[in-house]
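Pasting the structures in now, so scroll down.
Two complexes come next, and they have one chain in common, chain A, joined by chain B in the first and chain C in the second.
Here is the complex of A and B:
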């Protein structure tokens, strides 16, 4: 009897806690941002540089959503900016002879969305390098034969790329992958 | 005995109450339908907003969001449309919303217990409409995501495509199923079943979005799908393939079929067209060119192909059982002589009545979705010209969008969304009559509409400069100008509001917002004459009167202290 009760309780708790959507969450995007920032900080692109290296000016470029999840332009820009500006990155960039440059209007808007570091970047000049972010996903839907689909899995990929603005050569790229799984009939 | 009588009375009373409630069903508001039919989208939105739900867990939350989205999009109210689109997308992307509604559905009926997500065809159209909203804002990548979700939903239904990835080529899918012994016709052609229920506008939106975001392979794959399911769209496919376009034109017309309860106890949901289907093409004229395009989607047909009747068996069983219990109970009550037995029989009849009442099908539907959609890819010229669309043989459906033009270099293709009014006369004109944020000042003196002028721009330094250059409002500051609108209790919509904006000033409402170009709302607001504004505040009334009289004084000079704009309550 006790086993039956426990099984019922577990089944019920599983029912109530199973995710019901595969949409991005803020936590997903922040984790992607943190991971890619760490990767950039340890990158070969920055490793060989010092304060006396030829100066780089790093600007924010395009953010493209290639996923099956709508993602606002503002959210994408914030994630890209946070990756480049958060957690001591400005100090690291200073030490490596890299200046993040933003048009004043962009800096103000990012500060409005909580990226306070955006207001500390220097005067805007044409970037020598541009950072871009791409959000992609692969969607899979599953069902029992003859029944409406009741499970969906979206595997997301957030990719950070830095290119040389003149040569268009990719100088840094890394990606962060995560999956979201949801249960329950898609249409209901 | 007395206790039994009381119990029987309770059961009968409850059953009667449930019958009354359950039999009422969903009734779309006639005033909303009428306003939508004549193109007064702001008025319709205001009416829907009166009793809209704001609780995301409420049963009609999605239904209200979709209605407000459709009306805001038609009205060119971009910010309101985007807000509704986000909320609706959240709901549609949530799976198993009604997973726990089983007991409630049995006890209280579907309509009283289930959260509305809509029939599959309604959801697919909702995703497509969300995509239009994104594309209208130039966010083609988000439009692609929305269109993709429409397709994922649709492909959940054709049985031949079950268990296969959403992007699988249907021909390959069919072959795979044939190889697995699940299909008995291993031909490479699409079956009737596979071609029905496809949302052509979602496919086209996805193809254009893929093209705009550089997904060439995906674009070509979707184009192949369009060729297969909608051969009459071959011109559009060729144009998209060649990249010979800079705008996607979407024209929606009519209203979706109504969903009504039929059969015993209303247990069967059927649809009945509101706007009859026909194959009349859409005539498009702009820049000296004229051509016609066929109907891309007939929702009357789609609503029959892409629906879910999974609960119908339960409803029919409840109706049959209820009918048996009611009839049996009443016969028994009439034939039995023992009082207590009679009351027990009446109680059984009451339970039967409850079952019948709660067997009724859920007839909620989004009555504002269109009956049909036309699609075209246009190459608009760089110089502004008017774009005219009309269903062949129906002059009253004509909509003229002024100042249609190619996007500026470097900008993505634009989306033009026309919701045709289906009652009343032609909409819009080739000429901009009222100054607005998109086309700027009109020829001649500039003066706010609320003061008798033709300017519908929101208060800004630029607008004020124009008024003053025209000889009006000398000495006014921007705050003084804003105070004029405050005095009139007019809400100037600059960003998202807590609630959707209601009617625009020119429609007799209290809202001043900028309509998005390339929408019916833009044509209605700025390219049609409107009655003069009637001020309600003494300050604005007297200022407008002085301007009209041309009293010789500078219009801004207060005649008396109470006319000092800015000090006016």
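Here is the complex of A and C:
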């Protein structure tokens, strides 16, 4: 009988372990960048443009984290890079007359390879548009069954926006949204 | 006699352990098949539009209500913009900017800023809005991005205030019973920057019992 009880407990613990954190996972961020990349590829902003269209220079802008989760600079950069430079995007941009340019701070890295950064990052590299990624979240906590607050829900929004650097017009924006729930306290 | 009972007990024990292990593995199996290894774990994810007990019990406004309200405002403004004579009859496309948020609730203003942003995004992506209006990013955000590329901040285009409209929000809360019940009132308006005339308003009421 004792063995049966142990077996049942073991089985149940494997089946019902509630998530203990609402933090971003790699899967969330990868799915967000894939979704936003597909959306950008099908966007009105790129539609109807060809190699002979007036050239656009799309700058890799700032990524801002306003969410309740910690996100390293690298993780934020990954989202922007995977979205704009991921699978097939450079070919697509080429076909639509869009060049992706680095900000001067990143371009300084090129000096390590003997490139004269002053001439490389000249006026011709000035972006006509800038892409920015923003992470934000809505956090809710509550107590289950009258105990101290022990349940949490975070609704995350990962947003990609492309703005005209002169007119401030938003030419593209889309977001990836998901929610995570977790239960239990750290000392449970 | 005890020697003959042992193998049977051992067999039962083995069968039970095997069953337990199979149950354990089957409990985990669904997670593994839906989450291929390189992409990590998506356990704990729920549909953002699904209400949970956490939302109902939280001292803040329900996230689902906020999402639904912002969807409603975006759809309503997109469908009505062509019927606003001042905008539809303008010689050129007007511009829409993000305005202020007045928050009189216990929910952080940043939550309402996200709602305003969602409305903003739905206007950008609307085929109904595009012929009538350009949606603009805030000057300070554009300046920060321009600064990264060493472009003179503060030199972005400026627009005639008579053709500029701002999307503003007011969010109020009536709390009763020591916070057990809250009645929320959400409002978003589109106002002309020069005349201060309100051309569009969308309201939403919700009650939350904790």
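Assume the second predicted complex is superposed on the first by the 145 of 188 C-alpha atoms of A that agree within 3 Å, B and C clash if a C-alpha of one lies under 4 Å from a C-alpha of the other, contacts with A are read in each partner's own complex, and residues count from 1 in each chain.
Here is the rule we go by: contacts are C-beta pairs under 8 Å (C-beta built on N, C-alpha and C of every residue); 3 or more make two chains touch, one makes a residue touch a chain.
In this text the structure is predicted, and so the values were computed from the model without any measurement.
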Query = With the two structures laid over each other on chain A, which partner does A:22 touch: chain B (first), chain C (second), both, or neither?
reply = both
Query = A:168 contacts which: chain B (first), chain C (second), both, neither?
reply = second
Query = For A:65, is the partner it touches chain B (first), chain C (second), both, or none of the two (neither)?
reply = first
Ask   = Does chain B (first) or chain C (second) touch A:30, or do both, or does neither?
value = second
Task = For A:73, select first, second, both or neither according to whether it touches chain B, chain C, the two together, or no partner.
result = first
Query = Which holds for A:143: it touches chain B only (first), chain C only (second), both, or neither?
reply = both
Task = Using the superposition described at the top, determine whether chain B or chain C touches more residues of chain A.
result = C
Message = Under the stated touch criterion, which partner chain does A:181 make contact with: chain B (first), chain C (second), both, or neither?
response = second
Query = With the two structures laid over each other on chain A, which partner does A:42 touch: chain B (first), chain C (second), both, or neither?
reply = neither
Message = Based on the A-chain superposition described above, do chain B and chain C contact any of the same residues on chain A, and if so which?
response = 15, 21-22, 66, 140-143, 152, 182
Task = Spell out the residues on chain A that touch chain C in their complex, using ranges where they run on.
result = 3-4, 6-8, 10-11, 13-16, 18-19, 21-22, 25-28, 30-31, 44, 59, 61-62, 66, 101, 103-105, 121, 126-127, 130, 132, 136, 138, 140-144, 151-153, 155, 157, 159, 161, 163, 165-170, 172-175, 177-182
Key: Residues on chain B engaged by chain A in the complex (per definition of touch)   = 86, 89-90, 93-100, 117, 120, 123, 130, 134, 139, 141-142, 144-146, 148-149, 152-153, 155-157, 159, 162-163, 165-167, 213, 215, 308, 310
Task = Please name which positions on chain A make contact with chain B in the complex.
result = 15, 20-23, 64-73, 139-143, 145-146, 148-150, 152, 182-188
Ask   = Which chain C residues qualify as touching chain A in the complex?
value = 12-13, 16-17, 19-20, 23-25, 27-28, 35, 39-48, 50, 52-58, 60, 62-63, 66-67, 110-111, 114, 117-118, 120-121, 124-125, 130, 134-139, 141-142, 144-146, 148-151, 156-157
